[in-house]
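So, here's a batch of structures to check.
In what follows, subunit A forms one complex with subunit B and a second complex with subunit C.
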Partner chain A sequence: MSDALPLLEVDSLVKTFPNRNGRGGIHALNRVSFTQRRGETIGIVGESGCGKSTLGRTILQLIRPTSGDVRFLGKQLTLLPDEALRQMRRHMQMIFQDPFASLDPRMNVASLIAEPLVIHRLGTAAEQATEVARLLETVGLPAEAAKRYPHEFSGGQRQRICIARALALHPELIVADEPVSALDVSIQSQILNLLNVLKRERGLTYLFISHNLAVVKYVADTVAVMYLGRIVEMGPAEQIYEDPKHPYTQSLIAAIPALQPGSGPSAPPLQGETPDPEHPPTGCAFHPRCPHAMARCATEAPKAVDIAPGSGRHAVACHLHD
Partner chain B sequence: MRTLLADRLAILALCFIATIVAGAAGAHWFAPFPPEETFFDGLTLEGAPLPPGEKYWFGTDLLGRDLFSRVLFGAQTSLVIGLVANGVSLLIGTLVGIVAGYVRGWVGTVLMRFTDLMMAFPALLLAIALAALFTPSLWIVAMVIAMVNWVQVARVVYSLTVTLSEREFVEAVRSLGATRTRILFRHVLPHLLPAIIVYGTLGIATTVLLEATLSFLGIGVQPPTPSWGNIIFENQSYFSTAPWLVFIPGAAIVLLAVSFNILGDTMRVALDPTLRGRTS
Partner chain C sequence: MNSELPIFRVDDLAISFGSGAQRTRVVDGVSFHVGRGETLGIVGESGCGKSVTVMSSVGLQPSPPSHVDGGSARLGDVDLLALRPKALRRLWGSRIGVVFQDPMTSLNPVFTIGMQLREALAAHTNLTDAERETRIMAMLARVGINAPERRLRQYPHELSGGLRQRVLIAMALICGPELLIADEPTTALDVTLQAQILALLRDLRDEMGMGILFVTHDLGVVAQFCDRVAVMYAGRVVESARVDALFRAPRHPYTHALLASTPRLDSDRRVPLPTIEGMVPPPGARGTGCSFAARCPRAQPICLGTAPSLVAGQDGAFACHHPVPVP
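And then the complex of A and B:
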C-alpha cells in the first residue's frame, strides 16, 4: 500500500482570520506540518476551537491558507488557479459533520449522489443512474431511496448519502470532519464500520477529524493531537493511546471514560479553559494548564522532536522531551 | 383537507386571471361600446354619471363613457404593467442581488451601493425624469416602472443570497468541484424562488398603482387610453356620488393581485419538496 511518495504533504500551514480592525486576529493554524501516506488514516483530535476543522478545510482549499504549502498528488494546491483546483477536487472529497445541513434540501437523493458525476461530466445520464444505484447499495441504502428527499431520512441514513456522494468520484483522499458527532451513539458505530469497510475494499485514505478520542481510536492508524492551532503530538495510534508523551495528550487519554470499574484516570484532569486564540499564551501555548510547566515553557515555544529515532513517526512538541 | 381547499382557491384564482387575460385580449369583440366614445345618454340631465344598469353594465364615468368597456380595455394596459414591468423589475433585481450577494468583493459593493442610491432617490421623481426623456407610451411606462421597482427585489435577494452562500450545503457543493455558475443557478436560485414569487405577486398591485400615479401626473399611459389606475384617478372626485367608478376598477386590481398571490403561494408549496405531503 505504502508508495514511496506521500499522498499529502502539509508544510508550515498557517491560517489567520483577521480582526475587524485589521490588526491581529485569530491564529487558527500555526505552522502545521505533517505527511500522509496513501491508505493511511490520520485522526486529528483536539478540543473545540483548536483549529482541526480549519485544518481540514484549508487542506482542501475551501479556505485559502495565509501561508504554507499543501502538496497533494504531486501538485501544490496553494498555487493552483481556481479552474485547475476545481478539477483537482475530483481526487479529494469531504464528509461534513451535519449530514442534513450539507445536503441541498431541494434535491432528491439520486441527483445529490449523481451531482459530482454531473459536475465533472463523467458518463452519460444512464451510466450515472447505474452508478447511483451501485453507490446506494455500497453504503447500505435501499434502491428506492433514490427518489426521496433528504428530510425523509434519519441522521445516519443522511450521512450514508453523504458518504455515497463522496465516493462517487473515487477520490484519493477523503477528509471526514466530525462525521459521526451529530449522530446517535448507536448509529455512530454503524457509520464507523461502514467507513472502515469502505477503506478496506477501496483502499481509501481518510483524514479523520474528531473531538472524540474513542472514535478516532477505532479508525485511525496515526493520530495527531492539536492544541490551539498546533500539532503537539503525532504518532502511531497504539503509541498515542498506550504511551502518550505530551502532557496534553496524557490528560486527554486519561479523560476517556474507562469501561473497567476501579481503573480510574491515570493523569489529573485538565484544569482551566482553552485560552483565547486571539491572544495565545507565550512560549508553549499549553503551559498555563500544564501540570509539568517549567520556567522556559512560558518563554520558549517547543519544537516538534522525533522521539522514536529511525521510524520518524512519533513527534512531540514539549520541553520535557527535548 | 387544507390542500384541497387551497387547490380550489388556486383554481378559482386561475379562472379569474384567465378571464381577465381573455377579456383584455378580446376587448375588441367583448366590449359593447368603444371605450373612448362619450354618450349623450351616458350622463343624467344634471351631468352626473349613471350607476350600473341594463345598458351600461358598470355604469358610466364622468364624461359619459361606458365603464365596462373601459375596464376591459384598461385590463390590457394594467396586465402589461403588472406582468411585463413587474417581470422586468424582478429579473433585474434578482440578477443584481444574486451577483452582489454571491460574488461580494468590489463587484458586490458597487452593485449594492448603486442599489442604495436608487433606493434613497424618490422613485416618483426618477419616474418623472425618465418619462420626460422619452415620449410616454405603454412600453416606455412599463420600462420606467421596472427601473424604479427593481431595487427592493435586489435588496431582498442580496441578503438572502448572503445567508444562503454561508450554508453548509453550498460549501459541500463547492468541495465537489462545482463552478460558481452551477452553485448560483442550481443551489442558490431555487432557494430564492419562494421569496421572488412572493415579491412578484405583491409587485403586481404596486406596479399597477404606480402606473395610475404616473397617469394622474400626466406622464403615464396617455388618455383617453384607459388603464385601471387612471380610471380610478380620473373619477376619484366623484367617489361620494358615484362610488362604482372607483370601486369597480379598484376591485379589479385587488382581485387580480390576490389571485396572483394565491397562485404564487400554491406554486411555492408545489416547488418545495420538503413541504410535500405534510399538510394532508
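And then the complex of A and C:
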C-alpha cells in the first residue's frame, strides 16, 4: 500500500445525456476532476440532479462518459474494451440505495453472495460455500441466512446481503450510492458502523454518495460538494464542515435541521430551486441563487482554486476566493 | 401557544388491519391533542403506526382494510369517528387541510392547477367567480409562487417539485382550516427546499392560527419545527413532551436511543454510532409486556410481563417502568 500513487484519478469527466430532439442535452457532469488515495473515503454530496449518482456510475463505466478520463489501478478505464473492463470490475464494486430492488427475489442468499465468484470463476463450489459463510459472518448475518430468500429479510439485513455480495471479490474500491437513505435511523447507524469497521479491517476505499451531510460527516475523510454537474468545493471533511468556503456549501450545511430545538437555522434558507440542467445559468451555475453574487459571476465560470496553498487539498470554485 | 383549549383531540384510538383470524391490532391506546396555532409532531420509524393513526383520526384511512376499534377524535365538538362519509367530506378541505409527502401523486395530472384550486374553493364556499379568482391569486402569491396567472394554466407535471408542494399547501389552506395534517410534507424534498417549505408553513401557521399535526421520521425537523412531540413505537405513544424537554432529557429508552443513533454534524466519527439492536416486533407478535423490552438496555423482568401505561411526568408523559434518569 503506497500513499504516493492514487488509487483513482478522475480527469475532466464529462457526461452529456442527449435530449429527445437530439439537439443540446443535459450536462450531468461538467469537467469533474479529483484523485482518491487508497483507503480514503470520499463523500460526494449534493441535491437531486447535481450529478452525484451519474459520477459514481461513470467512474465504474456503468455509464460511458462523453469525454474525460478515469484511471484506476493504473489503467485507463475509458479506453478498456468490455472484456478487460469486466476483469477490472472485480476490483470495484457498487452498493445501491434500494436493497429491495438490487437483489433477485428468486435467488437465495447463498447464491446471491456467491454469484460474483461464479461469474469470475473463482474457487470450487465448496470453496465458494465457505467464502459465503465467512462473508455472512463479516456482515453480521447468521449462517442460516444462506438458505433463505431476500423477502424474508428487513431492509437493513438486505443491505448487509448487498454489502456481502460487494465484498465477495475483495474489491479495492466500493462506490456506495445512498446506501443508508432507505433505512430507518436505528438501522442506518448499524450499517454505517459496519461500513466503518469493514474499511478498517479490509483497507477498503469508499466513494460514498449521499444527499445527507450528517451521514457523510460520519464516514468521509474528504468531501466533494456538487452543484449542477460540477464539484464546487472539495476538501478535508473537518474543513468543509467547520469552515465551508463556497456559498452553496454554506447554505447546504445551514439548511440541515439541527437536533437542538430553538437553535434555528444558522442562515436564512436558500431561495429558489436548482435550475434546469438542460439550460444551466451562464457563468457560475449557482449565481442566480447566491447571496454573494457579483457581476462577473453571471458571465465568467469560476475555476477551482486551491485555498490551502501547497497542500492541494482544499479547492473552491467561486469568484469570492480566486 | 395556547394548548389549554385543544382544537383537535384524539383519545384512546385503537386501529386494526385485516379481517377474521388475520385481524391484527396495529395502533393501541393512542391519545394526543393539538392547540390553536400549535404544531404537534408525531415521530417514529417505518411501521410504528404514525401515518395510520393520523389518517384514521380524520377519517382519511381507507376502511377496509383498516378498522377503528375504539376511541374518539374530536375537532371542536364534532367526533370525526362518528361522522358519516358525506359529513366527513364536507370537513376535508374546509376545516381540515391535508398536505402529503408526494406532491406529484396528490395533484390530479389531467387538470390544471387553476381548475384544482377553483374546485377546492367551490366545494366549500359560496364565493362569486371574481371573489374566487382574487382569493386564489392572493393564496398563490402568499405561498411564494411567482407569476400566478401563468401557473393557473399549467399542469402539475410542468411545475418543479418545490412549486408543486407550494400549490398543495395553497390548496390545503385556501379555505382557512382549523387543522392542517402534514404527512412527511418535506421528505421528498432536498434539504434547501425543505428549509424553505418549513419556513413557509411556520409563517402561515402564525398568520392563520391553525393547529398542525406533523407526521415525520426526521427528529431534526421535529426539533426545528414542532412545539410538542409524540414519539410512537410499535403502535403506541411511548413518550410525549414539549420539544425542548424531549431533546434535553428524553425519558423513554427508545426516544433516548433514537436520538443517540441519529448522525449529527458534531458527532465524532471515531466513536461508533450507538445503535438499537434487534427489530421492531411485527403487529400480532407484540406480547403482553412493553413492545420495546426485547431491544431495551434498561429492561427488567417486569417489562416483559406488564406493558407500562403512559404516565405524566414533570415535562411530559412517558410509558416506561425504568425511565432514563434526567441528566
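Convention: the second predicted complex is superposed on the first by the 315 of 322 C-alpha atoms of A that agree within 3 Å, B and C clash if a C-alpha of one lies under 4 Å from a C-alpha of the other, contacts with A are read in each partner's own complex, and residues count from 1 in each chain.
Just so it is clear, a residue touches a chain if its C-beta (ideal position, glycine included) is under 8 Å from a C-beta of that chain, and two chains touch if they have at least 3 such contacts.
Since the model is a prediction, treat every value here as computed from it, not as a measurement.
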- [ ] After aligning the two structures on subunit A, examine subunit B and subunit C and state clash or fit.
- [x] fit
Task: Partner chain in contact with A:184 - subunit B first, subunit C second, else both or neither - done: second
Task: Between subunit B and subunit C, more extensive residue contact with subunit A - done: C
TODO: Classify the contacts of A:219 with the two partner chains as first (subunit B alone), second (subunit C alone), both, or neither.
DONE: second
- [ ] Go through the superposed model and pick first if A:127 touches only subunit B, second if only subunit C, both, or neither.
- [x] neither
- [ ] Pick one for A:243: touches subunit B only (first), subunit C only (second), both, or neither.
- [x] neither
Open item on the list: One more residue to check, A:87. First (subunit B), second (subunit C), both or neither?
Closed with: first
Open item on the list: Looking at A:278 after the superposition, I want to know if it touches subunit B, subunit C, both of them or none. Which is it: first, second, both, neither?
Closed with: neither
TODO: Kindly classify A:137 by the partners it touches after superposition: subunit B alone (first), subunit C alone (second), both, or neither?
DONE: neither
Open item on the list: Looking at A:322 after the superposition, I want to know if it touches subunit B, subunit C, both of them or none. Which is it: first, second, both, neither?
Closed with: neither
- [ ] Return, as a multiple of 10 degrees, the angle whose vertex is the Cα centre of subunit A and whose sides reach the Cα centres of subunit B and subunit C.
- [x] 80
- [ ] Would you give the minimum C-alpha distance from subunit B to subunit C, in Å, for the three-chain superposition?
- [x] 12
Task: Overlap of the subunit B and subunit C footprints on subunit A, listed as residue numbers - done: none
Open item on the list: Quick check on the complex: what are the subunit B residues that touch subunit A?
Closed with: 167-169, 171-179, 182, 187, 190-191, 272-274, 276
Open item on the list: Show me the residue ranges of subunit C that touch subunit A in the complex, using the header's touch definition.
Closed with: 45-46, 160-163, 190-196, 198-199, 217-221, 223-225, 243-244, 247, 257-259, 261-265, 267, 269, 272-276, 279
- [ ] Could you please specify the touching residues of subunit A with respect to subunit B in the complex?
- [x] 60, 62, 86-90, 93-94, 96, 98, 101-106, 108, 115-116, 119-120, 149, 151, 162, 165, 169
Task: For the subunit A and subunit C complex, residues of the former touching the latter - done: 47-48, 154-155, 184-186, 188-190, 192-193, 196, 211-215, 217-219, 241, 251-265, 269-271, 273-274
